[in-house]
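Chain naming follows the written order as A, B, C and D, and within any one chain the residues start at number 1.
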């Protein structure tokens, strides 16, 4: 078996939710790492779309932002924000979108705006950026985050990006164009996915060597459905090699073992 | 804007003095680490123009400096963000301390508000933000620029109407412009073209002024025609420490330096402002304090390897 | 005195309503001739905008359509329809706009859609094109047309492009963004301009050698305000030379004497 | 549309067979004498695909041929127009004879309907058409795609809401495309980019297919990225007799010939259709009947002098 960290496996597992040919809205950070890994391994015809405009670049590792020349390299167009978030995402062409945030609640709603009260904040966070747009319009939503108790409250202090809002029909009732998207939250401990019957995040996989109890004790809501859990497939030699040699060769985003 | 084919070249000092007034709504070009008009943001700080509302999509250090200098009392944007280098700390602190009203939108919402402004249409619908606190939990101090309405062709289907946004003046950095303001932005444009066209005044800083003849020979490159532009400032490195596609990479070292000052705030931040901006005559003097020829050349080389 | 035809003077007179620096929305035909004449004589900094997209071209004489490469020559951008009609015209940046049509009524409303009944037409015309947009949003509207009785009915069969609709407050009441534009109708017999008090076309100038009676007998409504009429200034040598040598050298639009 | 980077090159015959169905709403690219996809319009006539709704801005002979062949029962546009060469006579006659429903708009209205479709927004406001019969005197047979509403930020101020328009398939001629459908339109684009992005399917005919590498090396030229495109047809002279910027001028002689047939109608028009379209296997055969090498070379030369 190959040696890898759970941080590595987290992005590798996330990359597996991308299918070849998918149009993927990608920001920066770990979503970029997971998308590049998919692009350079099993999804060479994936279309990488950056909210600043670039479409289908041959990304040079490792970009530091959505404004980095590395995400414009050999794109088919460098476009505009409205071209990417409007003409592709809002237009309904995005198969997959990555978002992130400080809090993810039981309905997969995400908070990237504020900890505490909006009008009297404890900590002000960066805000939506394109995340609300992505969560509203992508057919599949992927979230990569380290699994810590404070990141998984029962309810978000503020809903920046919609999960299932308050239940299975929450998005539909609110008028969100994609009413029943797949949502997967991939962490260093587990994978939680939306159960479309309950509209809630449900534990579907555990990371190797991680117990269900560890996940539950790091989650404020109860994602346990009682069904037997798969283990996340270990990182293959190819996945690891691509991640380490081609995607993040300097270890900027994922620390080395 | 001016419709005349006149020569609009001036210094940053002159342009800011002439076109950025107290109480203005100022459009901020660029995103995060890329193509922010730092030369014009510096000049606004240097001239101490106050009570500004700053609007944009992903607003970066150009916004953070103006907020940090206490010159803005409102922002409207999708995010304050420098990605790898953290959030925009002066902005964050100003909000946390109740000194700044933040009107929060999604990026596409801001983009479409500018698009509506650029087309002269009074509002534009969007299907983002539905079901979230971006609609529900808004500041009481803000004007109501969002209405939840109904799609006339799909009764009972909610749709968000966004009021058009037309900044009083926008500051945008570009690679090239001719002296009348025919502007060439290379690489991503983010919201800059729509924002420029929506603005009552536009100040362009650019790496290089080129002949109008060159614009006309390759007019497929023009991203903003002269009709919308009031002032053109030639300032090589005018986006530094953010990057300028095809010209230079962002400067991580100076970003980290700025971010550490902004995160600490207080005296350390004031020292930054005094040393680099208030204590310098112009952007060239800032550049000579903030960097050196060798490092700048490396940033150019680094960019050349990427394009 | 120079020899010229009234058709020549008609476009020359129309060109005089363009001021240097004006942003002018131009289609094809006689408006193009008048605009080019202004550009090449007294308004070198005029911005010629074509609805297909081109902005400020060095127009090569003589274009045959808005899609002609002659209106793209050395433009500052070749743009798009939305860029021109949306980003410039609807945005409120057009100083002058030319329109044309088969019928122009007493309120300067223009019909370019249908003669007879809309649902059961006698003659179907080309339709609005950009004319309705131009008439709604330009600050000054210019119309060039030959002066024939059938072209000047009391009421249009169909209003394609708004003049003052039904009176001085007609545009304002309808919600048209430019409520009180200048409108000038330049013909081979006269110039009629909007009287903003009545909202009606009023005779302001006569072409040299043309009597008021000739105009009135070729107009279904009464444009006579009773005030003394100027005569249209004759074509100057420079105007004629520019028109004949530079604007329409092949006599495509204006027949030679 | 297809999101795949596949090879989408096919013949006009194959593309029309696969993507243009009876009863479709077909988007028509180009304007008047410029850059109409004649190769694809011919192929629709050749295959006799009927009950079509044709939509565009200034629709030219490509529309007129399909209407003249009796294959369309509705148009939505700003104008039917060939400028110097007159109106679109087959279209005019069909309306006058009650065989065609015409939904009349201003050009910007059509452009904005496509823009709304391209952004996935359900409608878009406009301030054109107010006070005119474009709002008042509309055909009873048509669906209501216009609503007069109120600007929520300016009570009692009317505003026109236009329903987004997303054609089932659009036919557009371009100068260049790679085989995956990254399209380069040179010169004016009119409504073509927004219409393409709004369409469920897009067929591109182009003068020349270029390598994807060439697209990626000069990506600032790309006007329609491959995401929106389903089929790419390489057809030199594919816009003839309309012009193709940088490639060839329009052919006045053939325009006049077509217009005289269209104006007369009846047998003379049927003969045109039979000789040039129904009686030819493909567009190359049409070209050899309609022109000759010498004249075509002159049209190229004539264009070269203009760019």
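The rule is simple: a residue touches a chain if its C-beta (ideal position, glycine included) is under 8 Å from a C-beta of that chain, and two chains touch if they have at least 3 such contacts.
In this text the structure is predicted, and so the values were computed from the model without any measurement.
Any chain that touches chain C and also touches chain D is listed here: B. For chain pairs A-B and A-D, the one joined by more C-beta pairs in contact is A-B. Centre-to-centre separation between chain A and chain B, using Cα means, comes to 28 Å. Chain A and chain C have Cα centroids separated by 57 Å. The distance from the centre of chain A to the centre of chain D, each centre being the mean of the chain's C-alpha atoms, comes to 41 Å.
The multi-chain contact residues of chain A, meaning those touching 2 or more other chains, are 78-79, 82, 86, 90, 137, 177.
Touching two or more other chains at once are residues 112, 119-121, 126-127, 157, 159, 186, 220 of chain D. Interfaces, counted as pairs of touching chains, are A-B, A-D, B-C, B-D, C-D. Those residues of chain C that touch chain D in the complex are listed here as 28-29, 50-54, 60, 64-70, 72-73, 78-82, 85-86, 89-90, 109, 113, 118-133, 136-137, 158-162, 165, 170-171, 173-177, 252. On the side of chain D, the complex with chain A involves touching residues 1, 3-6, 118-121, 182, 197, 212, 215-217, 219-220, 222, 225-227.
Interface residues of chain D facing chain B in the complex, by the touch rule stated above, are 112, 119-127, 147, 149, 151-154, 157, 159, 161, 163, 186, 220-221. On chain A, the positions that touch chain D within their shared complex are 21-23, 45, 47, 55-56, 58, 74-79, 82, 86-88, 90-93, 95, 137, 177.
In the complex of the two chains, the chain B residues touching chain A come out as 30-35, 57-58, 77-84, 87-88, 92, 95-96, 98, 102, 104-109, 111-112, 115, 126-134, 136-137, 139-140, 157-159, 186-191, 193-194, 242-243, 245-246, 249-250, 252, 303, 306-307.
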